[in-house]
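Sharing a structure here in structure tokens format.
For reference, chains read A, B and C in written order, and residue numbers begin at 1 within each chain.
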Amino acid sequence: MATLNLVQAINLALQQEMAKDDRVIILGEDVGPNGGVFRVTEGLHAQFGDNRVIDTPLAESGIIGTAIGMAMNGLRPVPEIQFEGFLGPAYDQIVNHAARSRSRSRGAITVPLTIRVPVGGGIHAPELHSDSPEAIYAHSPGIKVVMPTTPYDAKGLLISAIRDPDPVIFFEPKRVYRSFREEVPEDEYTIPIGEAKVVSEGDDLTVVTWGASLFQCIEALDNAPDDVSIELIDLRTVDPFDMETIAASVEKTGRCVVVHEAAMTCGLGAEISSRVQERCFLNLLAPVQRVTGFDTLMPYYKLENEYLVNAKRVGMAIKETLAY
Amino acid sequence: MPKTTAYTATIEYVSILDEKGNFDEKLGKGLITDEQALDLYERMTVCRQLDEFAFKLQRSGRMGTYPQNKGQEAAAVGTALALNPGKDWVVPSYRENAALFMMGLPMHYVLQYWMGDERGSQIPEGVKMTPLSVPIGTHMLHAAGIGYAEKIRGTKNVVATYFGDGATSEGDFHEAMNFASVLKSPVIFINQNNSWAISVPRAKQMASETVAQKALAYGMPTVRVDGNDIFAVKYAMDEAVKRARAGEGPSFIEAVTYRLGDHTTADDARRYRDPAEVEAWIARDPLIRTRKYLEAKKIWDQSKDDTLQERAKTIVKEVVATAEGVSKPEVDSIFNAMYAEPHKELVTQRETMRTSSLGKNPEQVGLKSEALGTRH
Amino acid sequence: MAGKVSSDPNIFLLPDIGEGLQEAELVKWLVSVGDTVEEGQDMAEVETDKALAEIPSPRNGVIKELRGSAGDKIQVGDPFVIYEGGSAPANADSKQDAELVDPQPPSDDVAADEKDQGTVVGKVGDDLVGASSADGKALATPAVRRMARDAGLDINTVVGTGLGGRVTKKDIENAAAGKGASKKPAAPARRETTPVYDTPAPAPKREVMPIPAGQETVAIPFRGVRRKIAERLRHSVNNAVHFTVMDEADITELNILRKKLSAASGEKVSPLPFVASAICNVMSRDEFRALNATVDDANEQIVQHRAVHLGIAADTDSGLMVPVIKDCDGLGVLEIGREVARVARAARDRSIGRDELMGSTFTLSNVGSHAGRFATPIINYPEVGILAAGRGREGMVVKNGMFRVGMLLPLSLACDHRVVDGATAALALAEIIKLLENPESLLAPARS
């Protein structure tokens, strides 16, 4: 079994799925011979040619709108938006067409589309290259939002997303692209959309997270005292998220800390917190805590590390929640 | 060194059957058979009556807002005549009902849609059409993608997309023109330039003298036609379809026409339009000149017309009865139409018709769920 | 639909023709009263904020009334044109007609709370589920947890008396005052599901014979066990001279104690064994032995008994049966509870032996425990007394001029006046109640 990083795992998933299903089309800026600015689509143009790996004009709305049309007419397009900050121009097409088509036509015209987008900060990049807008799309009915962190999860989830009959935004935590490797099976496998993973089991407190912050949480858990056992949940899918797993955990532990890189107000931590409060009210031993980005823009990279959620902040929240 | 010419272009204007009924035999030869012409005239007449009745439906509270197609019937039927229903696609906005009907959409669907029922957009299987969508100028991109899929499948099917002069201001219009061109998507961009975008006239909408010239920027073949002339429209469409089927990529047609009615029933054009202008365009009505053509060919007369008007009235009544006769949509469809399979939380919301959580778990407060009143 | 539609097809309400309009000014009528109009024919010209518009008729018909004159402002949704065939109320009641086609109006009747009243005898073999959390961790709202913490209590040691064994504010108060029951926190275990709450014991199944459609009566045969029971009741009423004294016991403390016992023993403990124990305690005292007696008509004598063989009147599918717990005064509360369950179950499935249906010296009946307060029970002849327990209810308890809400158990003691005088009966009942109100005293058997 090969040990792959996130870029390689995604590349492998695309390559295998394109070989298996000739309806799968990749399109985006620089995805062809250049292999994508992060090299995620490396080698695919050479293997599958101009018709299936398309270098598009510089127009996000155009990319997504055209991909929507392709999906409406029987293809399985996987457009790439180069950075999450550039989803803006495509918002109308995503939310007002991709997410709406099935409902608008009561199932006659559907959009099996997977939009790949690198997300999140920590790579010392300029503005609009480091944001986390997943809550905006989670709030829009009709589209699913997936954010795997590990190579193994990414491969399984991307294939599920491509095969899903409805539109999916597939966020790829860019600071994890090359920083973590693990064994990824060559064989075909899928991970269901909407299923969380319990990364480690525990009885005293539940940490819920997704995206690159997973690693900061793991670090915080490593630094926690030995007599405390913490259950760590990686959601993997942000919308619809796996409330069953979260509820079962909090019923057991009675304490919950939600960690996300995105800004606090109206981030998904608020939704999770609310549902935990509703479902597990009688089991709660402490209020649900959120460790998140501030209600500010992500600063330019000199101050980036002040903004990003780190193991220390996660650890503080864990400690305070345990002490409550 | 002396300057050379980097680029020149001319745009042709095509008119074959003018408002007085004069017919250019040379250009018009073989475009539309007598049988087809009679059929188109009948269709335009039925659509005109449906349009007028739809207006009355709205005014008497039986239907919501409705945009009249009045005056633009020729651009719709003339283009659709060149297409193959069930194979070629139509990606419409909302002022080409006659084309939709020719391409297989049951007539009552249009009324059902404007009566607030999504099932009016549930395009029947085998009909190659996208449903009406409200954001202006965003659907042409879909046409580019749909066309691309036909192209790589090698079907030779084409995609006709309709939009107004206002839509050509939207960014997505330009992106669609660009994408269709570089992808060589078999798309025909059919611009119904009806001179008005609600109350904004073309002269305020753009500095371009014609809409057709916008296609030059994308290296796309383009032409301007008299949009109220079914022959001119068919002429341009035949050429565009031929190019598209041959793999030469997209074309642009500007059909110059006029919106005889208001923007929608919520608008009153008398507030901003010069009555003289409207009068002039009433004289250019496609129905008038087409009838003149048929009469000149001795295949039409007053008594035939009376019969047609009656038949149209009957057809319209049936269509309205069908649209009004459908059962109320199921509440469940709100939830079931979001995804192929609704996820757990959606199912809970559908079954309880609540989001407040205690209502979903009534045992938590020792109350039976009936006590809290579940749905229905 | 663009607005309200009247439920009466002869009344045409002014539609909203412009996306959110509230009113329109009538410019002029285009038709007159008495005119026959066609569907689609313009009837009026109106002016709105958005447009000058004609209003066409939605149907064919003959005009009966035109509501409004030129210059009037008509409200959207008000009756505008009335057609022949209908009667239109004056505009003042127009709201009556304008029914909005509204999907599923919300239901707002809430069924009564069905809390566990602690019925005296639960149905034997009930699945009364999960009184407290499986792994010993208390269930409580955050506010209550804070109270516990402020009171310096480990909430996991406080017995919860709320829904599903929740620890309530009251429980914390009692625990803090040293009055409530406490328990050892069990070792934590993984909880499987969210807590499930007590469901009240369902009323016993009664043979219900509906009168068939088309008939005025239904005939139910009067024989077998039903007939036998009827004969016994007749005999009792004919011979014993019945009188009844009634009172209520405050079983608030008793409930706390029995729940503690339930939790500790893992068995369900209802108030019935406590009542049985109280009876045994009182009946074995000399001054009340007169009630623990049977009448021997044949020999014209009254036989007083030392031991208390307590009959437990049980409701079965075939009617009333009275299985007997021999030497009940020698049993502790838990044992009584088990015995009750055993004989009641045996009675219900008719596996009970004849000897277990004989020989009682006093009878306890809870047959009315699902509803009702006081009763005038029929003595289980040839005994001389019977105690009936009604349905436990919340009520006011007044003591030393102070009052609180407590749980009350109504008790009705019927005696044979040939044998028992009023004062004795009343005093006996008072003693029983006194014991029930000091439940710890009942934990040990009356007779060791």
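Following the convention adopted for this analysis, contacts are C-beta pairs under 8 Å (C-beta built on N, C-alpha and C of every residue); 3 or more make two chains touch, one makes a residue touch a chain.
The structure presented is a predicted model; accordingly, all values stated were derived computationally and were not measured.
Q: Chain with the smallest distance from its CA centroid to the overall CA centroid?
A: That would be A.
Q: Where are there more C-beta contacts: A-B or A-C?
A: Taking the two pairs in turn, the one with more contacts turns out to be A-B.
Q: Hey, how far is the Cα centre of subunit B from the one of subunit C, in Å?
A: 64
Q: Counting only Cα atoms for the centres, state how far subunit A is from subunit B in Å.
A: Their C-alpha centroids are separated by 39 Å.
Q: With centres defined as the mean C-alpha position, give me the subunit A-subunit C separation in Å.
A: Each chain's C-alpha centroid was found; their separation is 51 Å.
Q: Going by the touch rule set out above, which residues of subunit A reach two or more other chains?
A: 279
Q: Out of subunit C, which residues touch more than one other chain, so two or more?
A: 194
Q: At which residue positions does subunit B touch at least two other chains?
A: If we look for residues of subunit B contacting two or more partner chains, we find 361.
Q: Residue numbers of subunit B touching subunit A in their complex, please.
A: These residues of subunit B touch subunit A: 89, 91, 118-119, 121-125, 130-131, 133-135, 138-139, 141-150, 152-153, 171-172, 175-176, 178-179, 182-183, 333, 337-340, 343-346, 357-358, 361.
Q: Would you mind writing out the residues of subunit C in touch with subunit B in their complex?
A: 1-3, 5, 12-19, 40, 50-58, 103-104, 106-111, 113-115, 163-164, 194, 196-197
Q: Hey, which residues of subunit A end up touching subunit C in the complex?
A: Those in contact with subunit C are residues 203, 251-252, 254, 279, 281-285, 287.
Q: Enumerate the contact residues on subunit B facing subunit C in the complex.
A: Within the complex, subunit B contacts subunit C at residues 53, 56, 58-65, 115-116, 262, 265-268, 270-271, 331, 353, 361, 363-368, 370-373, 375-376.
Q: Note which residues of subunit C are touching subunit A in the complex, please.
A: Against subunit A, subunit C makes touches at 137, 139-142, 145, 166, 188, 190-191, 194-195.
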